[in-house]
């Protein structure tokens, strides 16, 4: 039985407590929050759970195996580091940290202390994303050409993070999971319509060495809610509409074929193909429940989580790069990768060693 | 009765001939095309129309008042110039020309020869765009925040123009009509997935001095057809879905309100408002028919067309700017404007006299 | 503070307990269920609530003001009657009773004992139905021509009641509320595809003296879930799609106009009108919460509930009539109404005193 | 080359002329209409086609092989009979005739004179209906349980035929094609909201010996256009939405399974199954074009058309039965079938020899 301490009982914390309470093999041991009124809510709903206003109490409790941190982003690094150093496994809300540098420190600490570090990118655990991953890994789409996401609604304006850290972060995590490739460059545009607030609307393009181009359109200022991803490949294409009550993922046997036939050199060398459409049945287990069980299994088996610190770090790197590019009105920010030398540069260096993310190096 | 000569009977020419044949006050006098087989089609369907393989015949015919040019883009400048110089009014297919420089020459020639020059941006004449323009000019949306368009499908790959000149061009014309403001900068990303072909997918952001940000997502490689524009304002927001069989334009009484109340300085200062939705009845006359009548009226009255050479030029400027930016991976291209000095610069000069387009100066 | 005892903690009971727990002015005093394991669930979630396996305990408890009965339909009459006779106010699940005769007895008992009797037709309390009622009572639709409902899905087969008592019952209650008129005749067709089970699919037409015709298509055997009601009037028409996440109710300024002009006697005398569409904002309070507060207010003020025993009875009469008609393959069943003489007849008596429901007589 | 004379150039005639003009192996020889102005239209668009105000001219022309009749329904019998007796093949608009008796006479005449008689139930030739037929004949749906169609819009009121003859007729033909079975009984309800006009709204249930139940909801008075058919089977279910621009036909691997396990006798013995959804690619050839070619092939090969006089007759029988039932407020009308004795009876005779349609007997 993995005993879990939850830090933060604001917007997301209650979901974590409810979820871990229902996760086989897990148990909520204690909840910490600075606000005693929130702890009263815990006490009323979960009489068996200890409550405290002091995070240190969670660290000091030897019966607690893991800590889930659901506090504001700027506290993630300090609280997470303390948890790992106290020998606890760590579940961190997304985005992992404010800066990539902080994320790297947490990744290193988790490796050194041999603790599980899971970043809560819940979307990766949905039936839809898991199924799309299977389909793509099986090669059904052929060569991937693009990923195009729209994620807009009349949304909760946040005062500490921009719409990139709030919404685009989902696409960054999904892309990392589906493509297994890190972008080489990011170009973003966006704006804050209300002075003194973070950007509330952004358009972000990610360039990949493999030729994939990814784009996400995120906004807190749309009159309708859209959650749609198109993925185009040489053989098939996917439409994933998360607002559909069922048949969220549709695979279209549509595409183009291309000839290099010199005879047709002056003609349009592109042909169209249009076949059946197919919507696979998706597992219906709630993603957070899947993720909770996965966390327990990783702790028990020592396995690396699907959304480990490495993925969390790469997402933070993209948030940083997109934010820099957005403030430079779209100027490409290059995400460089070398062993032992991960830097980011705004200089448009487009050749040489920008290389791939070495996932195993993380 | 305005007698019209049509040059080019390929993809769009037949629509023009059919349309002018049904336009009150207009008459199709002659059709020119290099391909005699196409002229045979004309002769069969429209026995009264003269056909010729020589464009010069149209110019030389004194009974012809106006020429409509529906040939490949790279011929627009030369054919258009010749028409104006022959004293003919001119209807030019979009995009107006290959380069902004060519467009400027045509605008100047039309002004000098006092001929009507209409660029066929048909979308501007749709009931939907006209109605949205009325609503926006009446101030119903309040301050405009953004324009966000998605225009994707499994499309006809073109070998001479990119997806920007094929699809984004619609948004450039609609934006010019709706906002009456020229962007100051353009950032675009895009890719051609098949070597030797133009870009087949692009994401373009337009920055405006007024604070509006516009974005269009265009692709020939999507499994589903989407034609959707969101326009957000401080008071109301629009969703225009051109794929809907009816109620294409919906106005949402939704928005956010923002307080500067210092008491709430540490709180989230944004409030949400959600009211009724309303879909105005749209006129059902075909846009091309409206445009044809407008051309005739402009010739008869000497009035400037809604989509005149100035609009056509500004659209070509944006195509150029977006194409440059796209090849620079999103680096902003500044569209500069001074009287007698219209230049484009990739240097990120973000302050100073980039000013507004002086529409009357055109 | 109204103290409520809830009988039955199966499918719907837990919703009632949760709802009354959150209703201002109400308090859940006790829960009765024959199954001790269900009572354990109550005890764990609501430690302050008394539990019992004996319904009589609820009746005997003088601190209990009202009883909510959420047990199988065949027990409604007996449990409801006992509650009223014990001086309790009564909340009864729908359908009210198995037979119209039983319903009449409960209505009479509630009147005699001066207790509130509310039948839980929750749909009547939704923002959508309430708003449609306001619009219709304001005459915005003009003369009502028809009501056409589709209510199908791959549904929970029930072994004690047919799809009429499960799904069509919603339309019967909504119609009663919206039209304020009782049908004069019912024609229904339907089938049970699995021997020994109740009908799983039915098509029901209701005829009204005012000329309205109503129809509902209900099924447990549809691959997609549809919840759509069309209401057509001489001036406007409504589409209410309950599956839409927002803008569930749309009012179309569409209709036909009809001329009796003798000059046009040989022509088609019908003209079409098509104007704007409008979707009013709907209140977002949960219907069950609205209904709970309404129950408390009725008890406190002695006011008759919106869904009183009379409405519950009329719904049961329609279930009976539709079931009879369905087993006679559509033969009309006439719902007769006279003071002191409410009978139902399958004989096609189509003239005379079949009259209206006298709502005040109930 | 089959030379065709077309009678009637009103609403549908022009489609027939255009269609036959493009049908390989066919040629429009002449058009007859009482209105000389309509004939002028023909002359202008199709200079090679003879025009006449006298139907007899078509009959007398020995170069004409077939006659297509697109005149009002009440003339179908006389014009059709004359055509067959003049030795012409016959294409008849739907519905075939005003009465089943007239239809039987035409069927007999066509058999005797050995001429092809095709009734223009165009829907049967759509890619969607053809594909559904293949899927159903291959047994993919398992046992068919129901067919449920909605076919409503703000429609053209007709003064000579009711909405049943205008819209339900499509479902009658599609059902005949898909099921290969004739209903045994019909129950219908409906109303005319404007005195002196035919019924503008109707709900029709068809009962089949095999246990299938079919229903169609047709209206000229709906604010939105719906064209949707659900077909449920024991193994799979179909949704055919003709308003979708693509993926009109979707096959759901959904259903219920039923156990007779006596152990579960007191339990709900029904289980649910939910699997993938699949939308087959449909042929895109226009249905009328497919039908035109089919007509030519039948004439050349002597083959019986898919929509022959037998199908046309069975559709007219259902129109008659539904109309009778509707005027009897839903009372079932039995469609009786015996060799040499086809009668219709309103007496509710529900056992005995009501039998199947003997298709070969026609």
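We just call them A, B, C and D in the order they show up, numbering each chain from 1.
Here is the rule we go by: a contact is a pair of C-beta atoms (placed from the backbone, for glycine too) under 8 Å apart; a residue touches a chain by one contact, two chains touch by 3 or more.
The structure displayed is predicted, hence computed values, not measured ones.
Participant: Taking CA centroids for every chain, report which one is farthest away from chain B.
Facilitator: C
Participant: Using mean C-alpha positions as chain centres, tell me how far chain C is from chain D in Å, no decimals.
Facilitator: Chain centroid spacing, chain C to chain D, equals 38 Å.
Participant: Which whole number of Å gives the spacing of the CA centres of chain B and chain D?
Facilitator: Here the centre of chain D sits 46 Å away from the centre of chain B.
Participant: Could you work out how far the Cα centre of chain A sits from that of chain D, in whole Å?
Facilitator: The mean C-alpha positions of chain A and chain D differ by 54 Å.
Participant: Could you tell me which residues belong to chain B and also touch two or more other chains?
Facilitator: 274
Participant: Report the topology of the inter-chain touch graph, choosing from line, ring, star, complete and other.
Facilitator: complete
Participant: Please name which positions on chain B make contact with chain D in the complex.
Facilitator: Chain B reaches chain D through residues 225, 243, 245.
Participant: For the complex, which residues does chain D have touching chain C?
Facilitator: Going through chain D, the ones touching chain C are 145-146, 148, 150, 152, 154, 157-159, 185, 187-191, 193-194, 197, 201, 203, 205, 207, 211, 213, 215, 217, 219, 221-224, 230, 232, 237-239, 252, 254-256, 258, 268-270, 272, 274, 325, 328-332, 348, 350.
Participant: Could you pull out which chain B residues touch chain C in their complex?
Facilitator: Residue list for chain B touching chain C: 247, 253, 274-281.
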